[in-house]
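Same chain, two partners: subunit A is paired with subunit B first, then with subunit C.
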Partner chain A sequence: MIPEIGHYALALGLCVALVQAIVPLIGAQRNNLALMELSRPAAVAQFLTIGVAFAALTHSFIVSDFSVSNVFQNSHTDKPLLYKISGVWGNHEGSLLLWIMILAVFSLAVAVFGRNLPPTLRARALSVQAMITVGFLLFILFTSNPFERIDPAPLNGRGLNPLLQDPGLAFHPPMLYLGYVGFSMAFSFAVAALIEGRVDAAWARWVRPWTLLAWIFLTLGIALGSWWAYYELGWGGWWYWDPVENASFIPWLSGTALLHSAIVVEKRDTLKSWTILLAIVTFSLSLLGTFLVRSGVLTSVHAFATDPTRGVFILLLLAVTVVGSLSLYAWRAPQLKAGGVFAPISREGSLLLNNVLLSTASATVLLGTLYPLFADALNLGKVSVGPPFFNAVFVPLMVPMVLVMALGPMLAWKRGDAYGAARRLWLALVAAAVVFAGTYVAAGGALTDVGAAFGMGLGAWLLIGTLVEWAERVHLFRVDPVTSLKRAAGLPRAAYGMTLAHAGMAILVMGVVGNTAWKGESIQVMSPGEVVEIGGVAYEFRGAERVEGPNYDAVQGRFILRRDDGAVLAVMEPQKRTYTDPPMPTSEAAIHTDGITDHYAVIGDPSPDDGPGAFVTRFYHEPFVPFLWYGALLMGLGGLVSLTDRRHRIGAPTRARARTAAPVGGASARGAAR
Partner chain B sequence: MTRKKRRLYFVGLGMLALGGATALVLTAIGDNLLYFYSPTDLTEREVAPGQRFRLGGLVEEGSVEKDGETVRFVVTDLVHTIPVTFTGILPDLFREGQGVVTEGQLGPDGLFTAASVLAKHDENYMPPEVADSLKESGYWEEGLEGAEAAVRSTGGAEQTSH
Partner chain C sequence: MMRRIVYFLPLALVAVLLGFFIVGLQKDPRKLPSVLLDRPVPAFTLAGLPGREGALTGPDELKGQVTLLNFFGSWCVACLQEHAMLKRIRAEGLAPLHGIAFKDQPEDTLRWLGRHGDPYDRVGYDTTNRIAIEFGITGAPETFVIDADGVIQYKHIGPITAQVWAETLRPLIEDLSTP
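Presenting the complex of A and B:
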């Protein structure tokens, strides 16, 4: 019964979404407030219907109702509760339901918190949101019904892919989706603004927090996925430039660009049409990401079994979204009033450079990711584009970006003084030089270490540059400490957000560079008692034994990890597990971290030919990997701090009053007359 | 700075980025494309020794021999076969009768030395290239899904999915 209620709620949700897509749009065109206002209760109803459907599916998973095909395929009675719940989105149908669930939450947020939005903008934005919902609901109802029954009901389920039975991955998809779907807000507001024919600072003030929220989730979601791949797949790698990873990284790049160009719109009322375009593109790339992951068109180390017919539907959805919104853009964007002018060397100029570099990076990663598809379609053979391509293209784009990242915030709006800013950054330059020389010497001084040392110096440049910028704002050491402290307390939270996020980026850069350059690995057969040294530590193998988990059996190795001087650092117990349902092996690495370097041990298959109790073992020396997680967390934290800035909460009440009082002129009057 | 000059600056910057990116892409993509070949493809074309490419197909039943950290197995598309050697820990889902994609180079003796064996997250997953090459070799059973179709045609016994 409950699955049927869920299914019915979805159908009902489709009807509500249709109403919400059409009526407020007409209301906004006719300036009929009653019709426009319908968008708000509709968004609430939308949330309720989809919420009921989501709750129904979750219920089916929790009680293990195997008459529901989706539960049978992806769950099992022996599974811990957390993974029963995460099983809801650990499959195609459920993940789409989560997708629109999040979309409904965002729409609800606009309806509830958007009280002081101009009514036409709100109505139109909600209408666009509803159009996206309609597309996805049709997709779910016609191709991917999560509530499909099987008769007779099987006694037990097939179980969830054991690789997904992991806390890291339980929360990775929801985070990623919150990011993807969050960009739909920027998209809806952009389309609404195009229909209205005006974009101003108030619009940017509305779009920025939503973009920021989406960006935070996407940042943390990607980091979580990377962390999971690092410890769960047992290869000690955190990024492979794999199509599925790229699918989340491409919208992140353009979303980061959007985040920065929205600042320019808000502060300087310029770059408007570019920002609108970025909003459209970012959401389209999010849709493309969903498409790439869900259709299985690309070979990926992460690929899950997928169904190509569904891919066609998402492709259609993507085409409608992209063609529709870009046509609207081509038609309306020229009518947007151009804003203030600025010199190339200015805050705006540096943000523009950031945008150009990020969009170019996004485009090249997209090209590399889709190239195998084009090549296959054009009969150029089956190819894949590997990490060397992405590294060769991406790194040269990021170097100037990180260089300018320290400089940009020091420049004034409108017209900046690059020489002066560079001079104020002398400390950062010194730090970069010291780190460069220090790492170069420490690494052994070989010619191949120059690049890595330069990268570490680059990270130091950004880190110290960011701190110098903060110090300048609070007049550190130039006034007495109390005044500095007062100034520090008075700084807007958005400023702190930037400082944290940029510092996080600096640390991330060091983590990426340091790990890529100085990672080490060692594979061998070891008998009990043997010792292997790598990366300044020694692993002593103490044999392996069988252990039993709740839904798996495992072979558990035992290693004593010692420092150079013989002091015991840790006892490491990596496992090779065999799950019972579904029967599938996984490797659980053992990782010991000192906060800067990780020591990573994996146990492989037994090798009885090499002596009793011999096993294949694998160790990784992983310097600077923790920096990746610190950096990503700092970036997320920076976003969060910036989100709490009071400017974002207050919104734009003055404009709202002005707009309801006076009829809108210019383009929106033209729009109403259509 | 006038509007016109600013627009010129925009366009200039855009062109520069575009030109730079194109140059980067063109230089990088030529060297870094990995072609995918099936064992049958390799009988039909010359692959320069030392050229890196991807070899995909099914792991032939009964062909996996482990010798310490070195593993030897045979990749087949059910028409032709290529012996492969790989040193390291295999992905957890590596199994006889399953689809596999390996990356490495072919030696003069016809032995493929794999530098990596791609892991999959899902035991039902069949790499699209492998599915295509099985279709070409005529061993693909329509109407069945991915791995199962291929495994049935090789007579895989211990397949547990579906």
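Presenting the complex of A and C:
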């Protein structure tokens, strides 16, 4: 009964979404307030119906109702409760339901918190949101019904893919989806603005926090996925340039560009049509990500639903959304009034450069990801584009980007003084040189270490540059400490957000560079008692034993990890698990971290030919991997701090107030990177 | 006028992209060409399963008629899915069906075949997983169609479904069998 209620609620949700998509739009066109206002109760009803459907599916998973095909395929009575719940979105149908659930939450948020929006803009944005919902609901109801029943009901389920039975991955998809779907807000507001034919600072101020929120989720979601791949796949890698990873990274890159170009619209009332385009493109890329994963047009380990009919449907959805919005863009964007002019060397100029580099990076990753598809379609044969391509094209784009990242925030709006800014960054330059020389010597001084040492120096340049920018703002060491402290307390949170996020990026850069350059691995067969040395530590194998988990059997190895002076650092117990439902092997790496370097041990297959108790073992020396997680967390935190900025909480001030607030002395004109 | 055209640029790019997607969707990304296609079967000697007839050596034993060579393992879920189809293929008797079990323990393979039925003529047991590597196996199950001269003619990745059998494999075998 409950699954039928869920199914019915979805159908009802479709009706509500249709009303919400059409009526407010007509209302806005005719300036009929009553019709426009319908969008708000409709959004609430939308949230309720989809919420009921989502709750119904969750309930079926929790009580293990195997008469529901989806539960049968993806759950099992022996599964811990957490994975029963995460099983809801650990499959194609459920993940789509989560998608529209999040969409409904965002629509609700506009309806509830959007009181200070111009009514026409709100009505149109909500109507566009509803159009997206209609598309996805049709997709679910026609091709991917999560509530399909089977008769007779099987006694037990097939279980969830064991790779997905992991706390890291339980929350990875919801985070990514919050990011993807969050960009739908920017999209809806962009389309609404195109219909209105007007983009102003207030519009940007409204779009910014939503974009920021989506960006935070996407940043953390990608980091979570990377972390999961690192400890769960057992190969010591954290980024594979896999099509599905790229599918989340491409919108992240353009979303980051959007975040920064929206600042320019808000502060300087220019770059409007570019920002609108970015908003459309970013959400389209999020949809493309869904298409790539769900359609099977590119295969990858992630693609758990490869079904051509679904592929065609998503393609159709994608085509309607993108072609529709871009046609509207081609038609209306030329009428947007251009705003303030600026010199190439200025805050706007540096943000524009950031946008050019990020968009190029985004397009490049997209090209690399889709190239196998192009080649196949043109009958050039099956090719795969691997890390060498991405590293070769991505790094040259990121180097100037990081160089300018330290400089940009020091420049004034309209016309900046590059020479003066560079001079104030002398400390960062010194730090970069010291780190460059230090790491170069420490790494052994080989010619191959130059690039890596340069990368580490680059990270130091950005980190210190970011801190210098903050110090400049609080006049550190130029006035007495108390005044500095007062200035520090008075800085807007958005400024702190930028400082944190940019510092996070600096740490991330160091993590990526350091790990890529100095990672070490050792694969061998070991008998009990044998010792292998790698990366300044020694692993002593103490044999392996069988252990039993709730829904798996495992071989658990035991290693004593010692420093080179013989002191015991840790006892490591990696496992090789074989899950029972479905039967599938996974490896659980054991990781010992000192906060800078990870020591990583994996136990492989037994190798009885090499003696009793012999096993294949793998060890990885993983320097600077923790920096990746620190960096990503700091970036997310930066976003969060910026989100709590007063301006966002109060909502959009009127244009008049924005104008009078602008010229208040050098410090705030140079102001926050908002 | 030029300025207006610029605004159509994103739309044009997307149209091209969508074109590629439409073509791409018609193609099966799982259809990977094997480097071994049109090449003789790599030489191998495999022990049979204990207590079951038939060790397997190649390529000599595979010559003389068209054969099917199926890589499987008791740990592989998709193999179980394919199993009923293999039994039908065996019953049809169009070509001998040999199996190579890899990444498996012989007793587990035997138990699995005992429980689900044994569709194979001969089953080689790949102790070292070397043969699977020589054949370029990317996962299980994978099935090779080998002609009478011991040359690999086709490789199917993933379970053989009724459709794959009827539309691809059976016509191919019939075609290869008629000189």
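Note that the second predicted complex is superposed on the first by the 649 of 674 C-alpha atoms of A that agree within 3 Å, B and C clash if a C-alpha of one lies under 4 Å from a C-alpha of the other, contacts with A are read in each partner's own complex, and residues count from 1 in each chain.
Rule of thumb we're sticking to: a residue touches a chain if its C-beta (ideal position, glycine included) is under 8 Å from a C-beta of that chain, and two chains touch if they have at least 3 such contacts.
Source: prediction; values computed, not measured.
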item: Touched partner set for A:442, first subunit B, second subunit C, both or neither; value: neither
item: First, second, both or neither for A:161, with subunit B first and subunit C second; value: first
item: Which superposed partner A:479 touches (first subunit B, second subunit C, both, neither); value: neither
item: First (subunit B), second (subunit C), both or neither touched by A:584; value: both
item: Partner chain in contact with A:618 - subunit B first, subunit C second, else both or neither; value: first
item: Touched partner set for A:11, first subunit B, second subunit C, both or neither; value: neither
item: Subunit B versus subunit C as contact partner of A:374, first or second or both or neither; value: second
item: Overlap of subunit C and subunit B interfaces on subunit A (superposed complexes); value: 296-299, 381-382, 582-585, 605, 609
item: Complex interface listing, subunit A residues touching subunit C; value: 273, 277, 280-281, 284, 291, 295-299, 306, 308, 311-312, 315, 318-319, 322-323, 326-327, 329-330, 333-334, 370, 373-374, 376-377, 381-382, 578, 582-585, 605, 609
item: Residue ranges of subunit C touching subunit A (in the complex, touch as defined); value: 3-4, 7-8, 10-11, 14-15, 17-18, 20-25, 27, 29-30, 32-33, 75, 77, 103, 128
item: Touching residues (chain side subunit A, partner subunit B) in the complex; value: 161, 163-164, 233-235, 296-299, 301-305, 338, 341-344, 352-353, 356-357, 359-360, 363-364, 367-368, 371, 381-386, 388-389, 392-393, 396-397, 523-525, 576, 582-587, 602, 604-605, 607, 609-610, 616, 618
item: Complex contact set, residues of subunit B against subunit A; value: 1-3, 6, 9-10, 13-14, 17-18, 20-21, 24-25, 27-29, 31-37, 54, 66-69, 87-90, 92-93, 101, 103, 118-129, 132, 145-146, 160-161
